[in-house]
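Two complexes, one shared chain (subunit A), two partners (subunit B, subunit C).
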Partner chain A sequence: MKEAELAIIGGGPGGIVAAIEAAKAGVMVTLLDENPRPGGQIYRQFEKGFKVTDPEVLGGDYEKGLDLLNQFSSLGDKIKYMNNATVWGIFDNNTLAFARNGFSSSLSYGKLLVANGAYDRPVPFPGWTLPGVLTAGGAQKLVKTERILPGKKILIAGTGPLQLVLAHQILAAGGKIEAILEAGNLNKNWFQGLRGIWGNWDYLKEGWKYLRSIQKSGVPLLHNHIILEARGDGQVEEAVFAKVDENWRPKPGTERTVKVDTICSGYGLVPSTELTMLAECEHKYDNLLGGYIPVRNENMETTVPGIYAVGDGAGVAGSKVAIEQGRIAGTAIACSLERISKAFADKSIKHARKRLNRYNRLRKVLDQISMPRAGLYELARDDTVICRCEEITLKEIKTAMADSTTQVKDLKRKTRVGMGPCEGRMCGPALIEILRNHSNTSPEGHGYLNPRPPIKPIALGVLAAGQQKLEI
Partner chain B sequence: MFPEEAEVVVIGGGVIGSSTAYFLAQAGIDVVLVEKGYQSGEASAANSAFVWTITRKAGIDIRLSMHSRRLHQQLQKELDMDFEYVCNGGLLVINDEKQMSYVEDHVRKRTEDGFPLEIIDAKQTLELEPLLSKEKTIGAVFSPVDGTTNPIFLGVALNLQAKKLGAIICHHTEVLGIEVMGGKVKGVITDKGTIKTNTAVNAAGTWGGAIGAMVGLKVPITPFQMAVLVTEQLPPCVSHPIMGASYMVEEDAGEKGELGCGLIVSQQTSGNLLIGNSWRNAGYDQRTSQEEIELMARVNVGSMPSLKNVRVIRSYANFFPHTDDDLPILGKVDGIEGFIMACGHNGHGVGLGPGSGKLIQELICEGKTAISLDELSLSRFYSK
Partner chain C sequence: MGLEDKRVHKGVEKGAPFEITVDGKKIIAYQGETVGAALMAAGQRTLRYTDKKKRPRGLYCGIGLCQECRMVINGVANTQACQTLATPGCRVETQKSEKKRGIEN
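Moving on to the complex of A and B:
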């Protein structure tokens, strides 16, 4: 007998919706969430003491999220919700290990759904390690959760709709933005893509809302511009940026400088795939979806039977896609556990599949605009640190590459890149691109850094407490 | 360009193969090293990074260890790249009377053989390593010649230097067979092509048996898993390689297949602590289990309580090549001219690697070795 009929890792929209669908069909669910409250990044709830007086600051998704969270909590007899639980490994015999309240424990499961989300794509450029440079996601967390503005004079530099959302939130909270640099060209491509995205009114309305709010504020939104360098003495004081061509390579003579104290770098997200990789699911490289993602069938099941993956962690596509994927996976799991018939399952996810197809069409358009181009990973100079944990510079990586090192994991061996506490989450995506630019080959040819348990830092005392607990 | 021929082909790019290739290149031999993965890919990367002699037994075992330890010092001077070899002395920590009597016997035998060791009391031990548990520690064996290294960097440094001396290193090249004609080695067949040679060195570690089988040899090497935890980087806090005496007692007590664990802690130059080790018979499974990760944490926090807030950032495991007498297989084999064994180092490959490489080079170039290899021949398993 397994302790959890279905274990879900991650309490964002994908995980929550899957839990709701499975629990409604009678499946006993255990959901492990690293956060104190369900909702994930998008429906991030506040610490006690904060009160939401202006939902506008939080973005339109927040209100929709509240409905889902209410449904989720009303199914409390079927869903065991465990907050502050850090899953640190997946092992044989359908067990996973997690740390919670100072103990390490294990949980055996019948089916597993990984809805681990994504993290900000780290992009190394000269000066990116200066205090004052933060990721768009980090800035958003400050504004949304802690109600703190990241700085006084802010430059937003990156690509894609997420940075429009951030700008909108900073402005709504009373912040001052010097400029928004968009490496792609949202205007041109957005409207060109319209034909392909007919019917996605929700998405379009939302994007339009953010774009309008920025236009009204008078903050310059510069298309085809990229940040080249952050400068300052111990703290960001100015940023150098330039116009770029379609490959995001700077056009000579277009460099400009702007005085800022904060730079929010937002080049989209990278899927968190440590757990599906650890579970030995097959992964493929997909440029449009953020890098390596687990290979899945139409029911969101990975190549390891019984392990499913949904949401940004299985390919960055936003909360709406995560919700539909969660619906499909939750229903398919209930069906495979024989709680609902195949016919009933097919019928109930028919609409989800349709919506998913529609969203995917839109995503394709948006992704084609914001997908990182070759020039992005050419910004680093020889003395730019690529691996922040181990302080490995581009020059050291190039030296290793010149000595016929073509595998990411071989680079790790030779230079210590990716050996720090972040286990390569920060430098891994850049390493793949640097190797690719260097040798003109497909990213698959270079492999990826193999995650090893614990996939997040866990104190020895917490791990040691695990065994003691088992003996009680 | 893939090499078509070589005087010597070394099979295996771990510390032993890399040392062999380096010393051969230094002696002016035209050598090619082939490795199925990358340099220091297997047990040479995933170990406790000790250069260690305390637990080595009287006889050939300690002679080989001391010889190799001197070569680590020599390499530190010879190689251009620093591989973070630090020799502050090592500690074998004693926790109870049973361990004490076992260790006293070991020290007596070693002293009789001319390799004395010193037992220090609890106070002296805690002065050397203040993080050790005051309650548990009753003493230790201290050896001034022991230390730690960075085994991955040692491999990188050996390969770099060997290349400078003209060696050809072929990574991601898998050996598929060995050509033998009239009882003599004629070539090494790989997935990239065949290299004509009269001499092949089997430095394939745990895979030494599979390479041996290609020339019809039965090599009694089995994989044995050893796991290690890596912590976040800390300021200097552990200055010696530390091993629990339980490791020695239990190792000898048998029960080798079951999961076991002893105190092992050392600090790398980078600041990371390497904590271990658990051992179990897991075939060629390289993954670490929850059970062994938690066991290692419990055993080591028990011996060093103040480590409990230090965070583990990953674990790794590898299989060391196990032989029944805990000794490597080095030297020529009967019946196949030009086939030389250099594997089966039982988890001591990093420590014994440079010594083994040098001895094999001497065997190939001069026909005689600084230490007799008679007791280490493959035939010892069949002559009894």
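Moving on to the complex of A and C:
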């Protein structure tokens, strides 16, 4: 008898909806969430002590989130929710290990669903380690849930709709943005993408709202522009940016400098695949979906039977897609556990599949605009740190590459890249692209940094404290 | 830079303010804020210096992954400022070097 009939890792929209669907069909679910409260990054709730006086400032996502979270908590007799639980390993015999409240415990499961989400794509450029350069996601968390502006004069530099959302939130909070740099071109691709856009009216309405608020504020939104460098003595004081060609390579003579104290770097997201990799699920490289992603069938099941993956961690596509994938996976799991018939399952996810197809059409248009181009990973100079933890520069990586290193894991062995406490999350995506640029090959040929347990730094004392008796 | 400059009061009321100590100086934090956010509001960007090259680092990913915001909080080194809620009277120090590693209290 397994301790959890279905274990779900991650309390964002994908994990929550999968839990709801499976629990409604009678499956006993244990959901392990790293955060203190369910909701993930997108429906992140306020800490105790904050009181919302005007729901308007929270945006539509928040209300949608509350609705899902209410459904989730109403199924409390079927869903065991464990907050502050950091899953750090997946082992043989359907067992996972997690740290929680100073103890490490293991949990055996029948089925496993990984809904681990994504994080901001780290992009190395000269000066990117200066205090004052932060990711768009980090800045968004500060503004949205901590109610603190990241700076007084802000530059937003990156690509895609997420940075427009951030700009809107900063402006609504009364912050000052000097400029928004969009490496791609949002205007140019609209018409070509009309087939993809058709039918996705709520997405468009939302996008339009953000664009309008930026336009009204007078903040310049510069298409085909990229940040080249952050400068300052001990912290950001100015930024250098330039116009780029379609491969995001700067056009000589177009450089400009702007005085700012904060740079928000937002080049989309990369999937968190450490757990599906640890579980030895097969992964493939997909440039449009953010990098390496687990290979899945139409029920969201990976190549390891009984392990499912949904949401941004299985391919970056946003919360609406995560919700539909969660619905499909939760229903498919209930069906495989014989709680509902195949006919019933098919019928109840028919609409989810339709919506998913519609969203995916739009995603493709947006992803074409924002997919990282070759120039993005050429911004670093020889003395630019690529591995922030171990302080390994591009020059050291080049030396290793000259020694015919083609695999990311060999770079790690030779230079110590990826061996620090972030465990390769910050340098990993760049290493693949640097190797690819160097050898002019496909990214897939260079492999990836193999995650090792524990996938997050866990104090030795926590591991030594041993098992805490689980009350399941 | 004034202490309250970067706090947004529109739409959300914060809990009670209190003092925390950062490198011996007192700054204000509100119930529900992380140490990293309170420092950001106070205009302190540098949270640690790197071991090898002694370079300053600040909040980067902001969601607990990059490990750049590791500080010495209540005597415990390598504590992530972006993941640690500020509490009245908590002692925060800029993390300077490997000597500061491990549990000190």
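Simple rule for what comes next: the second predicted complex is superposed on the first by the 459 of 472 C-alpha atoms of A that agree within 3 Å, B and C clash if a C-alpha of one lies under 4 Å from a C-alpha of the other, contacts with A are read in each partner's own complex, and residues count from 1 in each chain.
By definition in this document, a contact is a pair of C-beta atoms (placed from the backbone, for glycine too) under 8 Å apart; a residue touches a chain by one contact, two chains touch by 3 or more.
This structure is a prediction, so every number in the text was calculated from the model and none was measured.
Contact with neither subunit B nor subunit C is seen for A:383 once the two complexes are overlaid on the shared chain. By the document's definition of touching, neither partner reaches A:67: not subunit B, not subunit C. Taking subunit A as the reference chain, the count of touched residues is higher for C when subunit B and subunit C are set side by side.
Within the superposed three-chain model, A:77 lies out of touch with both subunit B and subunit C [touch as defined at top]. By the touch criterion defined above, A:235 lies against subunit C but remains apart from subunit B after alignment on the C-alpha atoms of chain A.
In the superposition on chain A, A:91 makes contact with subunit B only, while subunit C stays out of contact range. In the superposition on chain A, A:150 makes contact with subunit C only, not with subunit B. Contacts of A:457 after superposition: both subunit B and subunit C are touched.
When the two complexes are overlaid on their common chain A, residue A:421 makes contact with subunit B and with subunit C alike. Comparing the two complexes, residues 390, 420-421, 457, 461 of subunit A contact subunit B in one case and subunit C in the other.
Against subunit A, the residues of subunit B that register as touching in their complex are 38-41, 45, 152, 156, 160, 171, 229-233, 270, 272, 275, 287-290, 293-298, 300-302, 307-316. Remark: subunit A residues 89, 91-92, 95, 97, 104, 106, 390, 403-405, 407, 409-410, 413-414, 416, 419-421, 423, 452-454, 457-461, 463-464, 466-468 touch subunit B in the complex.
Interface of subunit A with subunit C (complex): residues 34, 41, 46-58, 119-120, 122, 129-135, 137-139, 141-143, 146-152, 172-174, 234-236, 388-391, 420-422, 425-426, 457, 461.
Touching subunit A in their complex are the following residues of subunit C: 1, 5-16, 30-34, 37, 40-41, 45-47, 50-53, 55-68, 70, 78, 82, 85, 103.
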